[in-house]
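Listed next: structures, encoded as structure tokens.
Two complexes are shown next, each including subunit A; its partner changes from subunit B in the first to subunit C in the second.
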Partner chain A sequence: MHIPDGFLNPAVSVSTTAISAAILAGSLRKVNQQVEPQQIPLMGVLASFVFLIQLFSFPVGAGTSVHLSGALLISIILGPLSGFIIITIALIAMALLFQHGGIFSLGANALNIAGVGCFLGYGTYRLIPGDRVSIVIAGLITGLVSSALLALELYASDMLDLSAGLLSMLSIYGSAGLIEGLATLMIVLFIRKVKPEIMGSMV
Partner chain B sequence: MNHAFLDRYATLESPLHRLPASIKMLFTLSALGLLLLVVPFVSHTWGWVLIITYAGLMSLLAIISRVPLTFLLTRSTLVLPFSVLIVVVNYFSGNFSFNQMLITVSKSLLSIFAILLLISTTPFNSILKQLSRWGASRLMIIIFSFMYRYFFLLVGEIESLEKAVAMRHSSLSGWKRFKTYANMVGMLMIRSFDRAERVYQAMQMRGFTGDLS
Partner chain C sequence: MKRFKLCYFAILNLITWTTLLAHGHDEHHHFHWDDAIIGLLLITLIFIIWSIYLKRKKSK
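So, the complex of A and B:
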């Protein structure tokens, strides 16, 4: 869920932007040191890919659909640091070109979607043995934590009643996270079958 | 395929389009700053004065820019599902007065409107150039420009994949449909990798060595 401008108070807006900017600067420094020339256009085209799948409605049956964030997928395929950069760029583009999200809420959105998806999601995927189960659990945990963060940020901005808000956010985005985990698993299995050499190609 | 549908009004001809990108970007940032960082700290009356002045200024700029108003207004309403949900919940739980509800919705609509006006009067490439002048990371700017350049090609790819799926299966449901869509996204990702490889070969031919400075 992308938070639009106008819902976070200045304190929340500034602090989340500072956190996300620090993560972004760290990731950029590390990736800049290690990036190989052919990976530069790759990151660009993958940013386009993420931008596209965030707009694409993924059908889940019963007439409903979800939008994947792609954070877990990109981190598993490339690596969490380059993943964070790519997802953040896609989020900025979504805010500027498609009016999903905002400028002053960008830090919060990057933290909730890219930060949680790339670092916590990827960490869970690596920590839990048995990679099929671990991808689904990573998706679920990502969904739960980023919705909890979203609820907290809105609560701190006096836009949401914490107990009721947390419960509804957790149930909606927890299930969206589970679906993202399942979809990520299917996509990763497909790529392993068709073009396994692209797995884990960056930091 | 329409080549520039992401910022399709950015190449119109108007006094606003002719202004340097830096001025428009600074103006948009300060307008948003005023709306989002100042309005919360003033009284409701002053809040409304600021919001109405802001709205008047934005409408004036929109008219000068010659960007179709219907486009600006319909795109701005994309924010409504989120903002209406939040304010209605807050109103009924007693957290918001009617006034607060209106202020919040107006703030979110006007923020989106300001961003739309910037993006409809300034080509995306000029925005990137300006960001780079302000010291944004070279790697980020390059990723941004690739993203912008290849987006419409990937849209073409996914359209052809969707056509292929529709031709082979007239109706899919449940798990099968889910799996087919996952494979489709996987295929799109593989094609993105292939595309990036061809792009890199073309860049190498023109002398690119990976030097970003």
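So, the complex of A and C:
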């Protein structure tokens, strides 16, 4: 899911970076207004958690691998704006230290993973009735939309044949999204049991 | 809180060790302890600086 450097053309790279930077700036302004300084360490702990779970990649053949993103989980626990900041910081650390995603494709990666995972995932979770089912469906939709967006970015950069690549990407990342939804459900149920006061504690 | 912290560190340990064992010798999925620790320190530093900034901003 993390796009390395050299895969996106400058136009796609610049436009996705501009969109992600705008979302990040807006999220930072809103979070700075509404969050107390005492709540920041919790965000740091969750960023560390995301950093580690995203390093845990499962090879799925064809030179690619899938991993949990944690975006849906973080946005359900804290809120989508805090979630976007947390995932973006984890992505920056991974790009700088592990070459897990490129520096010039950071904007695209933030948009695909943090943007879709936090905003679309959280929106789906809130819109669909049925608490447990909505989390799993949100995971699935997040996986599908993230992969479709990734495929479109690669297609726009002349790196992917859309007719051949889209279906395989949707099937791989759709399955990963379903697993992400189930994992998120288990962790959310656990946190609700042991630490319910942190659920939805930010924006 | 204590139980929550214990579970959190247990999960972190599980993920880290599984990653190390699963991909430690795979050419395409190197897992470097030093990079992981520096990454965690970098993230911690970013949030410490943010926390200090926010505390100063709110106290004004």
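We take it that the second predicted complex is superposed on the first by the 192 of 203 C-alpha atoms of A that agree within 3 Å, B and C clash if a C-alpha of one lies under 4 Å from a C-alpha of the other, contacts with A are read in each partner's own complex, and residues count from 1 in each chain.
In the analysis below, a contact is a pair of C-beta atoms (placed from the backbone, for glycine too) under 8 Å apart; a residue touches a chain by one contact, two chains touch by 3 or more.
Remember, predicted model here, so these are calculated numbers, not experimental data.
Student: Following superposition onto subunit A, is the placement of subunit B relative to subunit C best described as a clash or a fit?
Tutor: After superposition on subunit A, subunit B vs subunit C: clash.
Student: According to the contact criterion defined above, which of subunit B and subunit C contacts more residues of subunit A?
Tutor: The partner that reaches more residues of subunit A in the superposed model: B.
Student: Pick one for A:M94: touches subunit B only (first), subunit C only (second), both, or neither.
Tutor: It touches subunit C, and subunit B stays clear.
Student: Is A:S134 in contact with subunit B, with subunit C, with both, or with neither (first, second, both, neither)?
Tutor: Neither: A:S134 stays clear of subunit B and subunit C.
Student: Between subunit B (first) and subunit C (second), which does A:D161 come into contact with in this model arrangement: first, second, both, or neither?
Tutor: The first partner, subunit B, only.
Student: Looking at A:A183, would you say it contacts subunit B, subunit C, both, or neither? Reply first, second, both or neither.
Tutor: So A:A183 only meets subunit B here.
Student: Counting only touches as set out at the top, which of subunit B and subunit C does A:S69 meet: first, second, both, neither?
Tutor: A:S69 contacts neither subunit B nor subunit C.
Student: In the superposed arrangement, which partner chain does A:I40 touch: subunit B (first), subunit C (second), both, or neither?
Tutor: both
Student: When the two structures are overlaid on chain A, which partner does A:F51 contact: first (subunit B), second (subunit C), both, or neither?
Tutor: Both: A:F51 reaches subunit B and subunit C.
Student: After the superposition on A, what does A:V60 contact: first (subunit B), second (subunit C), both or neither?
Tutor: After superposing on A, A:V60 lies in contact with subunit B but is clear of subunit C.
Student: Mind sorting out which residues of subunit A both subunit B and subunit C touch, each in its own complex?
Tutor: Touching subunit B and subunit C on subunit A: residues 32, 35-37, 40-41, 43-45, 47-49, 51-53, 56, 59, 89-90, 93, 96-98, 190-191, 194-195.
Student: Help me check something: in the complex, which residues belonging to subunit A touch subunit B?
Tutor: For subunit A paired with subunit B, touching residues are 1, 3-7, 9-10, 13, 28, 31-32, 35-38, 40-49, 51-53, 56, 58-61, 68, 73, 77, 85-86, 89-90, 92-93, 95-100, 102-104, 154, 158-161, 164-165, 182-183, 186-188, 190-191, 194-195, 198.
Student: Hey, which residues of subunit A end up touching subunit C in the complex?
Tutor: Touching subunit C from subunit A are residues 32, 35-37, 40-41, 43-45, 47-49, 51-53, 55-57, 59, 65, 89-90, 93-94, 96-98, 190-191, 194-195.
Student: Going by the contact rule at the top, pick out the subunit C residues touching subunit A in the complex.
Tutor: Per the touch definition, subunit C meets subunit A at residues 1, 3-4, 7-8, 11-12, 15-16, 18-19, 22-23, 26, 28-29, 31-32, 35-36, 38-40, 42-44, 46-48, 50-52, 54-55, 57-58.
Student: Flag every residue of subunit B that touches subunit A in the complex, lowest number first.
Tutor: Residues of subunit B touching subunit A: 6-7, 28-29, 32-33, 35-37, 40-41, 75-76, 78-79, 82-83, 86, 89-90, 93, 95, 104, 107-108, 110-112, 115-116, 118-119, 124, 127, 137, 139-140, 142-151, 154-155, 158, 173-174, 177-179, 181-183, 185-190, 192-193, 195-197, 199-200, 203-204, 208-210, 212.
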